[in-house]
Each structure stands twice: as C-alpha cells, then as structure tokens.
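Just below sit the structures, each encoded as structure tokens.
Note that subunit A is present in both complexes that follow, paired respectively with subunit B and with subunit C.
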Partner chain A sequence: MAERTIKVEIKRQATPDAAPVVEKFEIPYRPNMNITSVLGEVAMNPVTCEGKPSTPVTYDSNCLEEICGSCAMLINGKAMMACSALVDRLQDGDPNKTITLAPLTKFPVVRDLAVDRSVLFENLKKVKAWVPIDGTYDLGSGPKQSPQIQEQRYPLSNCISCTICMEVCPQFNDATGFVGAASIAQAKLFNLDPGGAVLKEERLRALAGDGGIQECGFAQNCVQACPKGLPLTEAISDMGRDVFVQKVKDMFRQ
Partner chain B sequence: MTTPFYGGDFLANQTPVKAMTAMGPAIIDLLDRMGVPFNRTPEGLLDFRRFGGTLYQRTAFAGATTGQQLLYSLDEQVRRFESEGKVTKYEGWEFLSAVLDSHGVARGICAMDLRTMEVKTFPCDAVIVCTGGNGAIFGKSTNSVVCTGSAQSALYQQGAAYANGEFIQVHPTAIPGEDKLRLMSESARGEGGRVWVPKDKNDKRAPQSIPEGDRWYFLEEWYPKYGNLVPRDVATRAIFKVVYENNMGIDGQPMVYLDVSHLPPERQHKLEGILEIYEKFVGDDPRKVPMKIFPGMHYTMGGLWVDFEQQTNIPGVFAAGEADYSIHGANRLGANSLLSCIYGGFIAGPKAMAYAKGLPPMEGDGGHAAELARQKAANQALISNQGAENPFKIWRELGETMTKHATIIRYNAGLDEADAKIVELLDRYKKVNLSDKGQWANTSFAFTRQLWNMLQLGRVIVQGARLRDESRGAHYKPDFPDRNDEKFLKTTKATFVDGAPKFVFEDVDTQYITPRPRRYDATA
Partner chain C sequence: MAAAATPAPPSTTPRKGVQPLRAGEGNSFYWRKLHSLSGIVPIGAFLVEHIVSNFETWNGPLAYAQQVKFLNSLPLVRVLEWVFIFIPLAFHALYGVYIALRGRSNVNVYPWAGNFGYLMQRVTGIIALLYIVQHVWRQRFAGIQLPEHPGAAFAKVQHELSNPWFLAIYVIAMIATCWHFAYGIWLFAAKWGITPGVKARKKFGYVCAALGTALCLMGLISIYAVVWKYPNAPADVMPEQPAGIALPAPSVNTPGATNPGQPGEVR
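What follows is the complex of A and B.
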C-alpha cells in the first residue's frame, strides 16, 4: 500500500498586487500533524503535485500555541489559527479530503498566506488599550482588585490579536470602518481595571462615533470564531450600554 | 535570595542575582499597575503559588498564562508610547549585525526588512539586544520560531563573548508535537499536579481507572521534601531515567503522566489556559484524563557575556533577558525568566543612556558603509549559490544531532560526534540552493541567513559541554556525575577566533553565599 499522504491546495500570491494562483501539494502524512507542520513539509520539498518546482509558502507564525496570534488564515474556508488546526480533525476520518489554505480576506495580502494586520493595532491605539501608568519606577503596589473583577478581566486579557473576529464580522469592512470586536473587548478590559479606568470616558467616546460600537450588527460570528473563547458579544453589549450612558452624559454637559 | 543560587548550582554571579531579587517585588508591583490580571486573594491582594525548586508560595500568577499576560501588558505600554510619538518601532526588520567602528565600538546596527528584503544600517550610540533564547538550534523546542539565537550568534562572530552556552534547560513537562514541543507550565505542578507511571509497565488500563496503589509517583518517592516541585533539571532527569533506564514509559513510549485530574475544580480553574491548550492539541480533557508529557528543550541559561551593567565586551552593545547569560547559572528556576528579562532591561536601559552620553563622536562613517557592503555581499552569495542543499533539511539534521547529544544526558563521544556533524553542515551550507530567490517577503531566505548563525552557535554549545567534565544543574554527564567546583566553578566564555570557538574560564562571584552541595532528595 502506498504511504498515506495529505493533499493540500494553497492560494498563493507573489506580491500584494499579483494575481492569486492555487497550487496543489501532496505531502507525507504523520499522525497529529497541524497546518504549520504541513507548511513545513512543503518548505522541505516545494514541488507541486504536477511536479512543478515551487517555493516555500510565506506565512506568519511564531509561538505555534495560540499566544502570538500571527498564524490566522482560512483553512477549508474557515478563519482559524494554523498552529492549532489539526489535520486529523480537518479531514474528519476521510484521508482523501483535500485541505485548502488561503489568506484572510479582510486584510491586505503581503504574500501567500501572510497578511497585514496593522489595522487592529491602530484600533487598539484609538481605544487607548493600556493603563496610563505614571512611570516605571517603584511606586509601590497597585490598587486592590477584587477576585470578581479579576475573573472578568482575565478572559478578556486572553485576546491574542489574531483578527479572526474581524475577518468573520460582516460589518468589518471599508464602508463601515468598524473597529471590530477585539478592540471593543480590550476597551472593556481596561475600563474594568482600577488604574485603567481613568481613561474610561475617552475610550467610550472613541467608540461612540462612526466606525464605533453602533456598527455592530449582532451577527455573533465573532464569539463563535474566537479561538480563545473571549466573551466578545457580552463585551460589546456591556460597552454599548456604557457608550450610550456616556453619550447622554456628554449631551447634558454641553 | 539563596534559592536562585542553589537552584542554579552556584554558577551565577551573585551580585546581579542579589540585585534582581531585591528588585523583584517592585517589578511585580509595576506589572500589577500595568494591568496584568494577576490572581487575587479574597481581600483583593496579589495571590501567590509555589513553583519548582522552592518551598514557599511566592510566585505571583495570572491563571496559568502569566508569561503571555506580561508580554501583552508590556506590549500595550509600548503601543502607548508609540501613539504618543515617543517610540518608533521597526517591526519586521531582522537584525543582521552590529556596525563597529575602527576601534571596535558599536556605531549602529545592520538590519533587513523582511518584506522588501532591503538591507540598511541604522546609526545609534548604544544597542540593547533582547532577542531571547536559541531553541531553534535544537529543531523542536518549546520556544517560538523566532528564537534562533541568530542575533547573539552574529554578535559572537563579530567579537562578543558568549558565556555558559552549554547550559540548556530541558523542561520536564512538554507536550510532544510534530512541529514543536508545547510547554505544559510548571504551574500545573504548582497547583498540585502529580507525575506518575503505572507500577506495572504492561498495565493496559486507562490511566484514570488505575487505582492509587498501582501508580508509581516517582518524584514524590525520590524527593519527599520537594515532591513534584523539584527543580526542572532534577525532574527532567528523573523522567528520563524512568523512561530509558527503567523502561517504564507509558505503553513503552517516551512519555509519563502529569495528572491534575484529582484537583478540585477551583484549582483546575486556575490552570484553565494550559488545560485548554492540551485539550486542543491532544484531544483529551486533562480535567478528567492524566496528560501525557515528556521533557523538551525550553530555556537558554547561557547567552551573550555581559558585565554587571548588562554591557557585552563590545563597547555600546548591551544585552538583556534570555539573550544574556547573567542570572540563571546552571539551571533557571520557574518564573525567573520573566523577572530576569525585566530586571535586565531596567539595568541596561539607563546604563545604555549613560554610556551614550559619554560617547565621543564617531570618526568618518563609523564603519557603516563597510558593514552594509559585507551584509549585502552575504545576501548576494546566498542567492548566487549553486548546489543541491535544502536549508530546511540542514536545519532538521542540526536539530536532531543537538537534541540527541546536547540535551538531557551528554557523553564526550557524542558531543564530539555532534561537533563534527555541525562542521559538515557548515560545509554543506555553502552549497545551499534556495528554491526561492525572490526579493519580496522571502521567509526562507531570511531563515537561511539565521541558519548559518544557528550552526555557529551550535558549536559553542557542544564544545562548551565537551570541555565541562562535571555535572552541574542542567549539564549532566554520567561519566562525570559530580560537581567539580575546583575546576569548573567557572563561567565558560567562548569567542570566535579563526572561524571556531575558543574558550576561557572566568571565576564566578560567590561573595554572598558559599557554594554547598545541591541536593533535593534529603528529607530534612
């Protein structure tokens, strides 16, 4: 019997402006392979199924354990982290099932499966997703924080900036300019922090206008796709309420 | 303060370690103020847990993903400075080398844009290298893929001394994987996780149905005082012994159980992050079924030699964190990586500023044009190479030989074999023929540049281990099972001379605590 193989179709694009092409590779199967090890095998022998010499696939990756958030891509059409996408599960018992890989669609392609996710980092600046500490010198302990607040903050703090929530969101597009679920959740994370709360009003105002929280269409795709299980819809509805209250307050202040 | 000296088998200079431990509480307070979601006591204070090699609950933690939370909090602070226009990030630029003037003083760095592949030099008065460990030299490790040691190695090849390269921490509990080894954090044992194998190696029962009496908790038996929380090198060797000497690995495989299934839900809850990772990558629910783990390369104790102000022997080049050698001696204790990298930064930053203020202006272009030409020539050589070698295959062979000969157990014959293999790989490297010679976002090109540096640093690790005929911390030679302070209470310093490492030994600063035997098996 021939050695078992994995068939994989990869959408490739040499440069940001080049036309995409699909290349098909067949690589040796081993149990427990994930998509990053599949891509590693392609690099080891970059020859397509048709015998055409090709090149190793460009993609972003770093930690390979869902911490760095860099290897998000479309796997069988679904936005997932390549590191935690296991071949056995993707094929679901059918060893002949071809796996397809493509770059995320809502971000500019750099090359092959690598995209430019910098819009998220710009959005995190807009909502000031940090604690504005006075300095790094020894200023003693921070404010007390109840375990209940920590329990609310910790899951939000698990965001890995992978942008999957933005990819799957129907509202995240050029027309709306929507900031996306990740930035809203991070705004909540820092509004809950006793030190971070000093910027609470600024964060709420940043989410109040066009492209802000009102753009959310409650499709709930984000919460289903988030690889880290962040309570994104809960964060959006909590922040939506706070943004509304802030708007009313600001109205009376004028 | 004594715990890291003891845990590091007295190889660390005591002055910086003392300074770091003194700064520890302030560093934790700082991280707390930055918003790291540390676990809390009912009153709202920081909660603490035990880690390996300590007998006290003194490690602040955020679930079981403390390192991740720290990383993101620090990143958020950088983003804040960026938005205020105080910091400019050059993300996606790869460090190739330092720019040195005719006196060997740093005047800038040379780097490559990983998208445009443009090579250019950046002028500067001081450089701080914070490039982490070198797990990639071992092929599979728990490190991120960027942890190639390339920057440290490039500097070593430019004249920086590399210290204690042979000290590599193999973490006892990693999840074996196809592409990497995934860390199962020590917090699992800190919260009460137990390591065991079936007493009968032919026991085919599902682990959860094996009764208590039929389980061998070998760490608890061998190390009654510390139990499952012995330091990492000790736990790693114990697991290795159980698997390879006693042939007691699960199903004859190189694996043992790490069990948290008996823990109450509130304790399991504190471990959620890592339990989810295990479930995701292995498929079993560790809340119900014991995890299968095996040791994996995890941390680089050695690194660029630095003085007590974090400066390397190249004037103007500083190093901090895992990239330097200064804190952990022969073995690092749990959570001290996070502490030491922040401590190193706290020292290196102000010292680099002070250095820059006293720096005389450079003569001519400070060596920029020459370094740029050297790096462009190296790139050109790689592109025009003719041959049949694939860089990824060379890398795989490097990883295999390093893991086999230079991790948990080391023999001089094996180390000699590994060095000869690396020499062969360096030769084959010259025949690398890149399948992708393109000049846009060419990741295999950048990787191949790193590979040369990995090979050179591999020789430092292997030869350093070869010279050290003793056992100390993570460095273990069955032929020399004891620590030999008379000969080897020394820092190993390698410099690059005529294309190969040359070694000298430097005395260790032990002014505070006199070295004593390191034993974790005593009951008293």
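What follows is the complex of A and C.
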C-alpha cells in the first residue's frame, strides 16, 4: 500500500496584477496536520503534481496558534485561519478529498495567499480604537474598571484582526465600503474603557459616516465565522443604538 | 534620527479594494435609518390596516363595502393616502432596491440562517415591489373608482382573482410581503439596539414569526373569502351611495313627539 498523501490545490499569482493560476501539490500525510504544516511541506518540496518545479507558497503567518490573525485564507472555499484548520477535519474521513486554498476575495492580493488587509487598520484609525494616554507628563494610573465592565470588554478584546468577519460579510464590498464588524466591535471595546470613553462621541460620529454602521445588513455571517467567537452582532446592535442616540443629540445641539 | 522621524509622504496611488470608512462624510446614515423606520411606520402600520380591512371580506361583500366606505370617509383621506402610503412606500421601495443592488449575497458559500434571511429580505422586497406596482395601478387607479363606488370593491377584487394567474400572484405576494414585514421588524429591533442580546433576538424572532404568520393567514383567508366563500358577488352592493360628502336623510318629526331631536317612533 502506497504511503498516504494529501492533495492540495492552491490558487496562486506571482504579482498583484498577474492572472491567477491553480497549482496542484501532493504531500505526505501526517496525523493532526494543519494547513500551515501543509504549506510547510509544499515549501520543502515545491514541485507540482505534474512534476513542474514551482516556488514555496507566499502567505502571511506569524504565531501559528490563532493569536496573531495573519493566516486567514479561503480553505475549501470558506474563510478560515490556516493555523487552526485541521486537515483531518477538513477531509472529514475521506483521505482522497482535495483541499483547496485561495486568497481572501475582498482584499487586493499581494502574492499567492498573502493579501493587503490594511483597510482594517485604516478603519481602526477612523474609529479611534485606542485609549488616549499620551501626554507631556506622567498622567498617572488610569481609572478603575469594574469587574462588570471587564466582563463585557474581555470577549471584544480577543479580536485578532484577521478580517474574516469582513470577508464573509455580504455588505463589505466595493459598492458600500462598509467598515465591517471588527472595527465596530473595537469601537465598543474602547467606548467601554473608562479611560477610552473620552473619545466615545468621536467614535460614534465616525461610525455614522458613509460606509458606517448603517450599512450592516444583519446577515450575521461575521459572528458565525469569527474564529475567536467575538459577540459581533451584539456589538453592532449596541453600537447601532449608541450611534443613533448620538446623532439625535447632535441634531438638537447644533 | 531626524530623517527617521519624517513621516512618509502620503501615497498618491489610489487604494485598491474596499475603501476605508468615510468618517464624518455623507448623509447615508439618515437615509438608511429613514428607510428602516419607514418600513415600520407608516408602511408596516398600513400593511396591518390593509390586511385587517381585507379580513372584512369574510363577512361578505356588504361588510367589505362598508369598510371601504369608512376608510374613504376619513378626514383628508387623499392627503393621508399620499403622505402616509404612496410617498413613504415609493421611498422605501426605491431606496430598498438601491440597498439590494449594493449587497453581494454569498449564501451559496456560507449557508447560514441569518445569511439566508439577508437574501430573502431582498428577494421578498423585490417581489413585493413588483406586486404593489401592478396592484396599486389595477385596483386603485384603473377600472371602477372605489372611493366613489365602495360597493364595487368586492366584485372588483373577485374579478381580478378569477384569473388563476392573478390568484397565484396574490398568494405569492401575500406570503412575500408578510415575510418581509415580519423579518423587517426583527431586523429593526436588532439594528436599532432594541434586542442586542442573542437570547432577546431569538425570543423576539418567535414574536415576529407569530405576527407574520397571523397576518399572512388573515390575508390568505381574505383571498379564500373573495374567491370561494361568496362566488358571483353583485357588481355593486351599494349603488345608491353618493360620492363624497352627503347630508344624512332628513328626519321627519313624529307627530306628538316630546323630543323633536329623537328620531324614530315614540312608543
């Protein structure tokens, strides 16, 4: 009996503007492999099934344990983290099942499976997702946080900026320029922070701009797909109310 | 060190892919909220009124005629009709099409309940729009004018539904519209922060489903009443009704009445 192998099809492109091509690889099987180790095997022997020499596959990765948020990609057509996608589970008992890998579809491809996700960083800047603590002198320790606030904030602080919530969202596209669930959840995280609350109104006003929270269609894919289980729909609902109240206040104050 | 501290010049090449949030720009927030609200009041409220009024068909052509006459006797009824029905409905429909065109449904890739609901809200909205355009034209503006001839309402609808194609269209549109309204209330509560919690949304989902089912059943029962319960309804059950405002019939005082204002026979 031949040694068991894994067949993997990878959508690749050499440059941001090159036409994508699909390359097939067959790599030796080991139990408990994840997609990161599959890509490692390809890098060790980058020869396609047809025997054509190729190159190691480019993809973003860092921690390899679902903490850094780098390695999001389409695995069997669905957005997942490569590090936490297990081959045995993906094949579901069928060792001949081919695994397909492709870059995320809603972000410009840099090369192979690496995409430019800087739009999330821009959005986090737009909603001021930080606690302003910089001063010309020591500002001292921050205000105390009650355990109730901590409990609300902790799940939101688990965001790893992988952009899977944006990839799976039907409203996140070129036409709407929707901000996406991650930035809305981070705005809530920092609005709940006793020190970060000083920017609360600015965050709420930012989220009412074009492409803001109103573009959410509540398909709830974000919360289904989020690898870290963030309460994203709850965050969107809470922030939807806060943004509306802020805009009504502004209307009567101006 | 000085060179390292100089910020990089802003990139002049346009950014590829989805654009970042336009914080503080545009009015889409107001339009989108108005669209969301208009679906509940006045349009949703009108839908409930319409289905409840139609339910009078269960009591026969005369009862339905009296309901039509009552609605048309409301003060400023033509103003009410335009301000609370036609204009909000046109806005909700056109902005809804604009919203639908900008969505990229992916329920084929991610076959989840909420994603299916997202697609269905757009599909049922388009079905309702196409139906309402023909419905308003054929039942409100074309043919016999029901505001002047409320007695002809039952027969007008019955004639329309005698065509099996129209009967099918009415049944499909009734289901689609009630679905759109019920899920729309649920979406409204979710998006406006009325039901932020998962449990609250689930419970409210049952409430909306019950409301939508009840409205839909009432609508379908009305269709049944028009088509099967009262076949061959007369063309006009109140042919003597004058158009517009009319004085009530003059009352004749009964001879010997102690109270001249009291109509009828003194016993």
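Details
Just so we're on the same page, the second predicted complex is superposed on the first by the 247 of 254 C-alpha atoms of A that agree within 3 Å, B and C clash if a C-alpha of one lies under 4 Å from a C-alpha of the other, contacts with A are read in each partner's own complex, and residues count from 1 in each chain.
Basically, a residue touches a chain if its C-beta (ideal position, glycine included) is under 8 Å from a C-beta of that chain, and two chains touch if they have at least 3 such contacts.
Not measured: the values here are computed from a predicted model.
Once the two complexes are laid over each other on the shared chain, residue contacts for A:Ile6 go to neither subunit B nor subunit C.
Applying the stated contact rule after C-alpha superposition, one finds that A:Arg153 touches subunit B and leaves subunit C untouched. Using the contact criterion defined above for the overlaid structures, shared-chain residue A:Lys78 touches subunit C, although it does not reach subunit B. When the two structures are aligned on the shared chain, A:Lys247 is found in touch with subunit C, with no touch to subunit B. Of the two partner chains placed by the overlay, only subunit C lies in contact with A:Asp210; subunit B stays clear of it. Shared-chain residue A:Gln171: touches subunit C; no touch with subunit B. When both complexes are overlaid on chain A, the residue A:Gly40 reaches subunit B alone and has no touch with subunit C.
Remark: subunit A residues 14-15, 30, 32-34, 36-37, 40, 43-46, 53-56, 58-59, 61-68, 83-84, 86, 110-112, 114, 121, 124-125, 128-133, 136, 138-142, 144-147, 150, 153-154, 157-159, 189-190, 193, 195-196, 229 touch subunit B in the complex. Residues of subunit A that touch subunit C in their complex: 16, 77-78, 106-108, 116, 119, 122-123, 126-127, 166, 168, 170-179, 183, 205-212, 214-221, 224-225, 231, 233-234, 236-244, 247. By the touch rule above, subunit C contacts subunit A in their complex via residues 15-26, 28-30, 32-33, 99, 101-106, 109-110, 112-115, 117-118, 121, 187, 190-198, 201.
Residues of subunit B touching subunit A in their complex: 26, 29-30, 32-46, 62-63, 65, 68-69, 71-72, 76-77, 79-80, 82-83, 115, 144-146, 177-180, 182-183, 273, 276-277, 280-281, 346, 390, 392-393, 396, 435-436, 438, 440-444.
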